[in-house]
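Look at the two complexes coming up: chain A is in both, with chain B in one and chain C in the other.
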Partner chain A sequence: MPEAIHAFVTRRRGGIRADWTDWVTYGYLLLGVVVMLAPVLWVALSSFKSETNLTEFPPTLWPEAIESVKVEGFARELPLFRVTRDDGTVATMAQVRRVGIEATLVDPANPGAGRIVVPIERTEAIRKFHLGTENYARLLGSTGGRIWSSIYNTFFITIVATLITLVMNAMAAFALSKYKFRGSEVALLAILATLMVPATIVLVPIYLIVSELGLVNNLWGVILPVISTPTGVFLLRQYMLTIPDELLEAARMDHASEWRIFWRIVLPLATPALTVVAIFSIMSRWNDFLLPLVVLTKPEVYTLQIALAGYTDENGIQYGMLLAMTTLTALPLALVFIFLQRYITTGIASTGIK
Partner chain B sequence: MGLDAERVLRTIAALPARAVEPLMAGLQRLLGVQRLPWVFLLPNLTIIVLFALLPVLINVMYSVTGSDNLYPGERHFVGLANYATLLECGSYLDPSSCSRDLFWRAVGNALVFVPTQVVAMIGIALATAIALNRRIRARGFFRGIFFFPVMLSPVVVAMTWVWLLQRDGALNGILGAFGVEPVGWLADPSRAFKWSVFVTVWAHMGFYMVILLAGLQSIPADLYEAARMDRASPWRVFTRITLPLLKPVLLVVFVLATIRAVQTFDEIYVLTGGGPGTATKMIVHYIYDTGFAVMPRNYGLAAAASLMLGLVLFVFTALQMRLSRGARDA
Partner chain C sequence: MASLKIEGLGKTFGSVEVIRDASLEIHDGEFVVFVGPSGCGKSTLLRLIAGLEEASAGDIVIDGQSVVRKAAADRGVAMVFQSYALYPHMTVRENLAFGLENVRMKKAEIARRVDHAAKLLQIDALLERKPRQLSGGQRQRVAIGRAITRDPKIFLFDEPLSNLDAELRVHMRLEISKLHQRLGNTMIYVTHDQVEAMTMASRIVVLRAGVIEQVGAPLELYNRPRNKFVAGFIGSPRMNFVQGRLARVGEGDFDLACPGLGTLTLPRERLPLEAGAEVTFGVRPEAMRLVGAGEGWALTVDMVEQHGSNTYLHCAPEGNGEVLLHIPGQSDLRKGDPLRVRPIDGQWHLFDSTGVRLCAP
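Let's turn to the complex of A and B:
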């Protein structure tokens, strides 16, 4: 069996046997897997730990809870401990209370037998694997619907901005690829030139314009400034150039309006390019940070990212909820990625954009 | 049922088009087909004028006017005073002698951060791309693993590492198992800076890896075949075949990474808040502080700093466009 595994691992495509460079390669890749994956898995795993479990150091690998038991005569469940008694025997007992360094315990099977008091060094909690969902429950419940408004805001911005981006950029791309008219090159250049003006350097004026439009603390205030993406126009234009003009001519013969040609012929044919633009738009809008940070200053209009970044300031450090929120914020894009990896990586490789 | 849902969706999708169609057909009759492209371009151009062109002009205006008033009419002309204030320095080697010492500390940080981060990131991205370009098993899986942090938001990335690096965190836990005392990884200026570099590399490396991998895959396989026939060492293959043929892509990637690195803000803002002290404060962070976070807001200084940063970016972007044209033609 080991030989079979060895043969399987060392056999390469084309039946060439592995040499030392392959071992180095696999070693490097496996190290990479640990470094890239472990932090995120750790956060996800930690989000299922109880608040007491989270404050332990060194941290436990798996989410754990102290096993507890219902004991007659006590309203709440009591935690179970393994106790070394005065005579050296070890027994499993329920802890009634702990005062300073002394713990009071009772035999859960026979609570009437009396309580014993031992120093806490001689007690050891009995732990079990426990996937606690209380962080999520508290996050989604008790914060007064705050998180739900952030979730709604983020989805609204992502979906609306992406739809507008698609239609608007496709319209521009259509004009720039299917018509010959004076000024088309100037228009294309003007659109591409905005690559030189990232939001980071026009933050103040964009804020001014957004506030002049009355859109501070309004979701449209972070949608409008970003819906025209030069790379999106460029990508769509390059794609539309490959759509044969004869198709358009035939439609014109049938007296289709130009808009109809755009909407019914060119747009459906440009689906592959539209998909790539849509994925990148969803990614960017979901992750946007600086502009929302400046424009959205009231908790009601926070996006998930802003709420997450400001979480510690507002609530002190409640790691449980913070971790649950981090996991929830990352989840939708993680799903997008799992299903659309190929589109995303080839999109980046062919355009160099994000 | 399935058909119905599809029909409903299709009708919904067609609604805006149906509303727009009469309008566009009317415009077509009114303006003629020759002028119609401008109608198609109008939404895009409006947004570009409003949120790219106008902002640049306003930025210039802000940078030469004073007062903390946002509205242009209520600001007074101060000439180049904002630039002078930013650039005023007793000695450029000592930020504390400058009138805006925070700006110079940010510039100083960027001067170390950008080259370190870019070189480390491209180096690792290249190594990973080369590893993935070999005949290995589960290539798609490995590529996905190295790439996925690109999909994570900067805030999520930063929160993840805050959680790992805190005093009671996993890293100290693991080191503790080897008898190392807990370390405040983000509490010490020099460590916080190194971790800022590491975390940004971790988050963005996959993006460049994918571009480099595509570049590697476009190198003809028979070149490597020939090298193997000649029994060339792996190092020789790398320096004589891979590097020269990858050079155009590598250059583009370098400039692209530099443009991004100069603008680094989100991750570090959440990871360290620019601290401890000013150890990890970057230029965009300074602009954000000056223009928004710190009262009174000094829009003039923020705009002047933005334009100086913009100038740097302009040079790099122009370079990138030139290079990527070269890379495409090559």
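Let's turn to the complex of A and C:
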């Protein structure tokens, strides 16, 4: 494995020594990595920060917290500061309160010795690395389990819709690629033409239909309207065109019905294209916002994305929860990408070329 | 095992007529080869029999039953495709069993049939492999095995050897012939290779432009071609065709004047000849012998092809095409050497201006 990684990152454009084009290429790719990855990492790191740490300026890179200590006579823990006293000595003291630019501090070991007041320039907070899981704990606990129903809803919609999308798209693609019938070209064009209609334009009509069908606040109301996708049909059709007709003829001579040919011959052979369509479908379903927002109005049928938007309300933005949830929401997609990466690249490459 | 009868079969794609009024009878257990140049409709004819194409006219009868309106699967025929058409995602065993599973055959019976076919074709060690892990010859066997497991009345082969290299082709040719002897089924085989046709067939069907030109046993076609096309197509190297004029027609013999070659006096053999008629004279390269001065045709060697066991002399008589001469063994003749040759009696053919061979009534 280390050899493989070494070989990967030292790959060159032919030649034994690195060409200047190699440096440019790597530089460009590195820039891409930073631009793409930095915000994601920032979100992930910040999701572990406490609310105070988040609103702090200047922001800290790592999740940090000011050390605090229990001092006799005070109900809550007091934050620790390194203080330069008037006489120039440096001591570690607990801050009782801060008013404007002046801080009132007390010696945590000997609170009876009295308080001192110093300007805040002479105090410096003592920080430590602190991985705060409280955002996650609050998210999963305090919302009264509503987050779990959102997770279930999102998973249900994503999985069921993707499965149905695959089957519907594949059947349409099979018909359009392997049967010669009058109007097949027109049908394909009509399907592709729908690509030119923006989703926002059909949103209201879709809502009206969904509501007429009584599917408002029902997960099927989100799943059904966009069950077949023009890109999916086109992608699969192009791929299925490369499956030789002789295979289908052989299967027909082998007493296979058209239905069986579809399931046993065409679908298995179209796996690379199906994988690509599945990934597209999973991504769009998981991140889908507008349609669920319109169709699902009750908290118990919220998807994760709707719930996520719920953390911005009239009282402000609850950054801690928002970040924790964003991280959680993005995680499954990241996993999908990591594990299916090979299929994505080969799938897109093969459907693109052939 | 079955007989096949085709009556007035026709097939058109749009305005293009691919098969025209084809009639043919194939008897039980025969090995019939459809042969012809590419585009002659031989594969279409096979696909019509298989049921993969719908006939525009005529009837196909298998074992006395018309199947022309039946689906491919219900005709009792099995086909071996040119590309083998093995299901790439299934193992060899699954490939062999697929057709049987589709008719809901019992598992034990499927296993028995698959094993039987695998043993017969010596692919029993490959049953768990995927087609891409097999060589061309092995794939070919699996494709044939798939046909055998279905126990069809008639086997159809669509140029099955064209994807193999020359050596393997000769080998598989023999194997298919042996398989036919062992199984005894009716087999129909399509090829553009007349050598395959000659070596394998019990009867050959020669097609040209969608029309059956002649049907007959290999040697019958070789020795008595009905027309110039069949004469030229069957036999390798090809028959020599020389333009000539019937200078004199006598009772027992006639004179044939061939421009650029000279005049031959040949026995008439009761042929219906007319003095002065333009004819095409056909003679195979091996049906000529070298003769002494003053006899036969005068030729000059243009090129010599030494095969070791055979020698081919290419001659280009002025204004009369090309004449190829076959000499058994090796020869000292060189480019530019003069020759005199004469067709061997009884081994030449005359074709009239429409290309039909003249024969005695």
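The rule is short, and it goes like this: the second predicted complex is superposed on the first by the 238 of 354 C-alpha atoms of A that agree within 3 Å, B and C clash if a C-alpha of one lies under 4 Å from a C-alpha of the other, contacts with A are read in each partner's own complex, and residues count from 1 in each chain.
In this text, a contact is a pair of C-beta atoms (placed from the backbone, for glycine too) under 8 Å apart; a residue touches a chain by one contact, two chains touch by 3 or more.
On a predicted model such as this, the values are computed, not experimentally measured, just so you know.
Enquirer: Determine, for the superposed model, which of the two partners chain B and chain C contacts more residues of chain A.
Expert: Of chain B and chain C, B contacts more residues of chain A.
Enquirer: Just to be sure I read the superposition right, which of the two partners does A:134 touch: chain B = first, chain C = second, or both, or neither?
Expert: After superposing on A, A:134 lies clear of both chain B and chain C.
Enquirer: Given the touch rule stated above, what does A:51 touch, chain B (first), chain C (second), both, or neither?
Expert: So A:51 meets neither chain B nor chain C here.
Enquirer: So, does A:67 touch the first partner chain B, the second partner chain C, both, or neither?
Expert: neither
Enquirer: Just to be sure I read the superposition right, which of the two partners does A:260 touch: chain B = first, chain C = second, or both, or neither?
Expert: both
Enquirer: Of the two partner chains, chain B (first) and chain C (second), which one does A:107 touch, if any: first, second, both, or neither?
Expert: Neither chain B nor chain C is touched by A:107.
Enquirer: Return first, second, both or neither, reflecting whether A:37 touches chain B, chain C, both chains, or no partner chain.
Expert: first
Enquirer: Have a look at where A:169 lands relative to chain B and chain C in the superposition and call it first, second, both or neither.
Expert: In the superposition, A:169 contacts chain B only.
Enquirer: Figure out whether A:268 sits in contact with chain B (first) or chain C (second), or with both, or with neither.
Expert: A:268: touches chain C, not chain B.
Enquirer: Do any residues of chain A touch both chain B and chain C, and if so, which are they?
Expert: 257, 260
Enquirer: State the interface residues of chain C toward chain A in the complex, per the touch definition above.
Expert: 50-52, 71-73, 77-79, 81-83, 85-89, 98-99, 102-103, 146, 150
Enquirer: Contact residues on chain B for chain A in the complex?
Expert: Where chain B meets chain A, its residues are 16-17, 20-21, 24-25, 28, 33-38, 40-41, 43-45, 47-48, 50-56, 58-59, 62, 70-72, 127-128, 131-132, 134-137, 140, 142-156, 158-161, 163-164, 168-170, 172-174, 176-177, 182, 202, 207, 210-211, 213-214, 234, 252-253, 256, 263, 265-266, 269-270, 284, 287-288, 291-292, 299, 302-303, 306-307, 309-310, 313-314, 317-318, 321, 324.
Enquirer: Tell me, which parts of chain A touch chain B in their complex?
Expert: For chain A paired with chain B, touching residues are 9, 12-14, 16, 21-22, 25-26, 28-29, 32-33, 35-37, 39-40, 42-43, 46, 55-59, 167-169, 171-172, 174-176, 179, 181, 183-184, 187, 190-191, 193-198, 200-209, 211, 224-228, 233, 257-260, 262-263, 283, 286-287, 289-290, 293-294, 305, 308-309, 319, 322-323, 326, 329-330, 333-334, 336-337, 341, 344-345, 348-350, 352, 354.
Enquirer: In the complex, go through chain A and note every residue touching chain C.
Expert: 244, 246-247, 249-257, 260, 264-265, 268-269
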